[in-house]
Amino acid sequence: MEAVDCMVNRLKIGLADTTFARADMAGFAIDEINRKFPDLQKEFVRRTVPGIKDLPVECKLLYERDKCDMVIAFGMVGKEAVDKTCGHEASLGLQWAKLMTNKHIVEVFVHEDEGKNEKDLGSIFEDRARKHAINAVLLATNQQELTKYAGLGLRQGRMHVGKIVRE
Amino acid sequence: MEAVDCMVNRLKIGLADTTFARADMAGFAIDEINRKFPDLQKEFVRRTVPGIKDLPVECKLLYERDKCDMVIAFGMVGKEAVDKTCGHEASLGLQWAKLMTNKHIVEVFVHEDEGKNEKDLGSIFEDRARKHAINAVLLATNQQELTKYAGLGLRQGRMHVGKIVRE
Amino acid sequence: MEAVDCMVNRLKIGLADTTFARADMAGFAIDEINRKFPDLQKEFVRRTVPGIKDLPVECKLLYERDKCDMVIAFGMVGKEAVDKTCGHEASLGLQWAKLMTNKHIVEVFVHEDEGKNEKDLGSIFEDRARKHAINAVLLATNQQELTKYAGLGLRQGRMHVGKIVRE
Amino acid sequence: MEAVDCMVNRLKIGLADTTFARADMAGFAIDEINRKFPDLQKEFVRRTVPGIKDLPVECKLLYERDKCDMVIAFGMVGKEAVDKTCGHEASLGLQWAKLMTNKHIVEVFVHEDEGKNEKDLGSIFEDRARKHAINAVLLATNQQELTKYAGLGLRQGRMHVGKIVRE
Amino acid sequence: MEAVDCMVNRLKIGLADTTFARADMAGFAIDEINRKFPDLQKEFVRRTVPGIKDLPVECKLLYERDKCDMVIAFGMVGKEAVDKTCGHEASLGLQWAKLMTNKHIVEVFVHEDEGKNEKDLGSIFEDRARKHAINAVLLATNQQELTKYAGLGLRQGRMHVGKIVRE
């Protein structure tokens, strides 16, 4: 995707991230949004919390207190079983936060064991953060653009897998 | 089931789908509703989101913002353990969305590992989307029709299994 | 339990069931309530939905829209892992529906893999539906009757197991 | 703990239990509260439901309809996998019930497979019910008493395990 | 981190802990806050409950009844499978409590099986309680301080793991 049209000209974007994660995903997202939406007037509100389970209420506050137009949650899920449970709890918290605010929160979670090595993991952090940053802006400004890609097997963090071939 | 009676003559149908899925399930549903309910005046509102965990709030918005009469959620659950967890979180989100709106949301989820191969998976996508599209319209317009099939072991995506034989 | 006293003389009973299940549990329940509570003036409201995950909001509607006095949810959980997850989601949905309405919803769920064979499964469907139908009426009309059986190891679908013997 | 001070002189205690459990835990609790708090004027409201998943809304009603000052939920979780899931659903229901009422509900759950044999299981039922009955009264009347035991590794149903020894 | 700036000069801090845990985590937290924030006027409200599943509503009450500015929940998750489930339920309860109050609750949970031995476990209790106590005060008074550590792989209870190295 090249520079993308969006139908509003001003957007206040909330970014919630953690001290637990091992990459600056919010930084990648800010960079990507600045590149891909040069004509959009952007305001970024960034709030850091300790871990993923602190993200849901922070995201809710970014909407309700800070009056953001779109919020993105960046988190890393550790490799232990207990970390997986934390990730699940955080995701459920985000579900409730969305339903209580009637707003999307784009969840950018990376699992520490997704990468083959540290370098690969690093590129997943960056790719997922950048692609979902675009998704977030489109959801807030030009959702019809996403319908062009409905059912096409898009992926964030790795290569797109594409539509099922039936013959 | 052939062309089916429904007791209202106008229906605004919301369809929420994802860029993650690997088939155009919403397309199958629209086609099926057009075929099976020729006399019904239909309006379709289609909204695409990145993944299944974005569906619950989108469905809630389709009721509350777009004033749809019935909403269908189309999603694909990937093959990894983490995808299964995402599917579970999305389904719980849909439960809350239904209870908060007092409305049905017909969940059309396909698991990427359900099919024996890509062709089989493709036919599950289509069969489930088409059958649940009819369910959705009946729930909204003529629920008594469904009671004729109560306890009969109907299936979407594969063959019906039928009622238990006790002797 | 023979014909049972109940302390009101009129009861509107909601029955939510599915096309997915493989037995007419609501039918057994209606028959049992008619037999065991001959002097009670009963009104039955039956609503069928596709699957178990559609039950919670239907039950909530049976209270809030149809003004039922007691609601029973009948569902079958399939044998696959994905079905177990659906059953869990439906049960959590029923928990919320109860807490949001401040009403009991008697959950009559049968797992397709509970029976040794189809005949056995069929008898579980019937026994559980009939016994829980009585529980539902007692909860709504004469809950003190249930306290006589507190801690006695009652079972629905199979034989009662009884109180723990300490010596 | 001997007879314990409590700072109010009247308490309405709700006890919710089930016909599924295999011991009269509510009975043990009533006996223990009568013994340990002889100077407290007590009123007991006992309500029996079929199984553990019926407890959360019953507890909520004990607060909201019956105006109890403290509510205790007694349940037994069976030995099968499906029973463990039911126990989890009931516990989540209790979490919501507490948060919706802003009240504690002391959960006294025993797993049927906790005991080495029926006699051992019986003593777990009794010990847990008695100790948690005291906890419930203290939570409602003299919570500062509990702080004396903070971090001391207290257990209900078995022996206390004590504080960690660091050297 | 040495003595840390905070931008308010008065803070009412709620501490909820349990009799089940095997260390006085709240005590470590109070000591750490007194050391690291000498110029902050602090008021501590400490409430002890039996176990971790009692923490969520207690934390909610610390905000709503006691009007605390920040609340920390200290709990220990036992080693058995049933304990892990309890920990999960408590964490979900904390998610809802946060979303219902629009406030952070810093969750300081230690798993009894995290330590190599009792001494190691003891040091995890202390390190996690002390570090999260600082996080809690910063969240309430100077959240921008945390953004300096965003994505740096901080850990509580063990050594920090650091940022991913991509080359």
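Letters A, B, C, D and E name the chains as they come in the text, with residue numbers starting at 1 for each one.
Definition applied: contacts are C-beta pairs under 8 Å (C-beta built on N, C-alpha and C of every residue); 3 or more make two chains touch, one makes a residue touch a chain.
Note that the structure is predicted; figures quoted are calculated from it, not measured.
The chains in contact with chain C as well as with chain E are D. At the interface between chain C and chain D, under half of the residue numbers appear on both sides, which makes the contact a different-residue one.
Remark: chain D and chain E have CA centroids separated by 26 Å (rounded to whole angstrom). Chain A and chain D, compared by their mean Cα positions, are separated by 42 Å.
Residues of chain B found to touch two or more other chains are 92, 96. If each chain is drawn as a node and touching chains are joined, the picture is one closed loop, every chain linked to exactly two others.
The touching chains form a single ring; listed from chain A in the chain B direction they are A, B, C, D, E. Across the interface of their complex, chain B is touched by residues 84, 87-88, 91-92, 94-96, 98-99, 102-104, 106-107, 111, 132, 135, 139, 143, 146-147, 149-156, 161-167 of chain A. Residue ranges of chain C in contact with chain B, taken from their complex: 17-27, 46-50, 53-54, 56-58, 60-61, 64-65, 82, 85-86, 89-90, 92-93, 96-97, 100, 118-119, 121-123, 125.
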